[in-house]
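Please go over the structures that come below.
Two complexes come next, and they have one chain in common, chain A, joined by chain B in the first and chain C in the second.
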Partner chain A sequence: LKTLHLGSCVITTNLQEMRNGFSEIRDHVQAEDEIIDVRILRKMVSLQDTEPAGQCCLLRHVLRLYLDKVFKNYQTPDHHILRKLSSLANSFLTIKKDLRLCHDRMTCPCWEEAMEKYSRILSHFEELKPREAVVKALGELDILLRWMEETE
Partner chain B sequence: DGVAVLTAPQNLSVQSTNMKHLLTWSPVVVPGEIIDYFVEYQGEYESLYMSHIWIPSSWCSPTENPECDITDDITATVLYNLRVRATLGSQTSAWSTLKHPFNRNSTILTPPGLEVSKDGFHLVIKLEDLGPQFEFLVAYWRREPGAKEHIKMVRNGGVPVLLETAEPGAAYCVKAQTFVKAIGRHSAFSQAECVKLQGEALSL
Partner chain C sequence: EPLPPHVTPNPLSSFPVPCVHAGLPKPTNITFSSINMENILQWSPPEGLQGAEVTDTVRYFIYGQKKWLSKSECRNILRTYCNLSAETSDYEHQYYARVKAVWGTNCSKGAQTGRFYPFLEKVALTTDKKSISIVLTYNVSIYNTKANKTWSQCVTNQMLVLSWLEPDTLYCVHVASFVPGPPRLAQPSEKQCVSTLKDPASALKVKILFWYVLPASVTVS
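This part shows the complex of A and B:
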């Protein structure tokens, strides 16, 4: 398990298990993404380059995006992929619950930088057609997992 | 969809020990026939965001046994709904759903198996291999009045671990408990095992 230090919000998460799970479906999901010159999770809005105090807020909003608009809108007949995505979604749900506790303890403040970065991520997501956005966001899960990995 | 003629499986329950989770149910009996069972699950995410979605279990869709190892499907510390139905040819039973959702944080954690041995003047232990989610907290002390208890965290079971370079003739006792970070819980301590540098391991 990895401990994530997001400013004064500290949580533990099964990051390696999530990476292992995603690696089993990455090629399949990324192969569905036909829009190769666009990225939703861009370097300039990355978690690790965000002020520590705002990292919790940014991650909380990005996880909500995935939970509300990505996982639930991806259909597949492939049971293996379904299981792996379920595993990721339920792990994200667990993280989001932990971040919610930080929010309740006032250790997850939302300031301008984090909100401005999130709105850019959201606009990159909404510039795409719904199906394209879902597929691209899923394909970029390794970027998000790496962001979490690299928060110190 | 086949006509629901078969009786649905009854008495669903989950036995979970050391993060191994087994779903069991009462078998559906049709004399002279083999019944197939299909197990499906739904994590908290699915039940909250897409409640119509059920996912076929990794190992039991189908299975002929009235039980299913769901360990590989329960991969997060959230509530899981589980359901089973029986089929016989084109006949299909209704789904039976586990009465109370299962969360892996309710698993029973047993004290770990522990072997204490000596390698010359080295005190060596070997802990039961319970899988990658298990860490171990080992407590050891010299068996003499007022002895201080030492603590050591051991990440993996199944491999010998050097605990202490001991003095000739000294007797040491060791006990251990498991810790599962994913659910934030630990087991009770094992029985203490003692060994005297020249003697055999003594059980208290």
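This part shows the complex of A and C:
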């Protein structure tokens, strides 16, 4: 288990397990993304370059995007990929619940910077057609996992 | 000029050198690999063109940006590799590369890699004519049997000095090699135990010499 320090919100995650899971499907999912001149999780909106106090809020919103709009809408006949994605989604759900606890304890404030960054991520996502956006967001899970890792 | 958004780069537009797209077979097995901390693009020559004077031209692309970029040292080359370390040195970015075969004024479509993420690829190996030395990081786990506590440390040399140990206490240690990058399960060494001296005033440093622990069992899988 890894400990993520998101300002005063501290949670533990199975980052290694998520990385293992994604590495098994990464090539396949990224090969589906043919729009290589667009990136949703861009450097300038990265989690680790966000004010620590706002990192919890940003991560919470990004995880909600993945849970509500990405994992749910990805379709493939490949059961192996579906299993891996289901496991990743469950891990995201667990993290989101922990972040919810931080929110309840007032250690997950949503300030301007975090909301500004999230709205940019959302607009990059919504610029694309639904199927393209889902495939691209999935292909960028290695970026998101790295963002989380960098807040260790 | 930059590509309009959401347009998949047209293979030809990424190679300004004018050549006729004559259905030449593409290079094959194009991959990035990290060798000695360098990012090398490698490929196999196109099939069916043995003996022909075929050269290759490399282009690379930063995921999320707009233009294919070239490396002059890898334009019209006979070798089947290109060192793109400098071009792919930013660990924040992910990259693609393409290679096209050129024969006279004819050329193939570009063979393209998957998305390459240097951040995930850091492996350190050095080699000379006769040997390969592997720069490994060791993950040392130390278990205090009296306090029933374990802690671990990463070290890159072959000796670790543990200070501030409790007197008259049995400590058990095992070591596993650790290579950054994609997860690799390394077989830990056998556990080795040693007890500190009873006299609390004596030196509490115990040198754990790796050549007793390591050769016995560390294997890199």
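Methods note: the second predicted complex is superposed on the first by the 151 of 152 C-alpha atoms of A that agree within 3 Å, B and C clash if a C-alpha of one lies under 4 Å from a C-alpha of the other, contacts with A are read in each partner's own complex, and residues count from 1 in each chain.
Methods note: contacts are C-beta pairs under 8 Å (C-beta built on N, C-alpha and C of every residue); 3 or more make two chains touch, one makes a residue touch a chain.
Note that the coordinates shown come from a computational prediction; the quantities given were computed from them, not determined experimentally.
Q: Should the superposition on chain A be reported as showing a clash between chain B and chain C, or a fit?
A: clash
Q: If you stack the two complexes on chain A, which partner ends up touching A:R105: first (chain B), second (chain C), both, or neither?
A: A:R105 contacts neither chain B nor chain C.
Q: Classify the contacts of A:S86 with the two partner chains as first (chain B alone), second (chain C alone), both, or neither.
A: After superposing on A, A:S86 lies in contact with chain B but is clear of chain C.
Q: Touching A:D68, do we find chain B (first), chain C (second), both, or neither?
A: Touch partner of A:D68: chain B, not chain C.
Q: For A:L128, is the partner it touches chain B (first), chain C (second), both, or none of the two (neither)?
A: The answer is second: A:L128 touches chain C but not chain B.
Q: Does chain B (first) or chain C (second) touch A:A31, or do both, or does neither?
A: Second partner only.
Q: Report for A:H5: first if it touches chain B alone, second if chain C alone, otherwise both or neither.
A: neither
Q: Which part of chain A faces chain B closely enough to touch in the complex?
A: 1, 12, 14, 17, 21, 67-68, 71-72, 79, 82-83, 86-87, 89-94
Q: Touching residues of chain C toward chain A in the complex: what are they?
A: Residues in contact with chain A: 3, 5-9, 61, 63-66, 92-94, 96, 114-115, 117, 119-120, 182-183.
Q: Would you mind writing out the residues of chain B in touch with chain A in their complex?
A: Per the stated touch rule, the residues are 43-46, 48-50, 55-56, 58, 61, 73, 75-78, 181-182.
Q: What residues on chain A touch chain C, complex-wise?
A: So the residues of chain A in touch with chain C come to 16, 19-20, 23, 27, 30-31, 33-39, 42-43, 46, 127-128, 132, 139, 142-143, 146.
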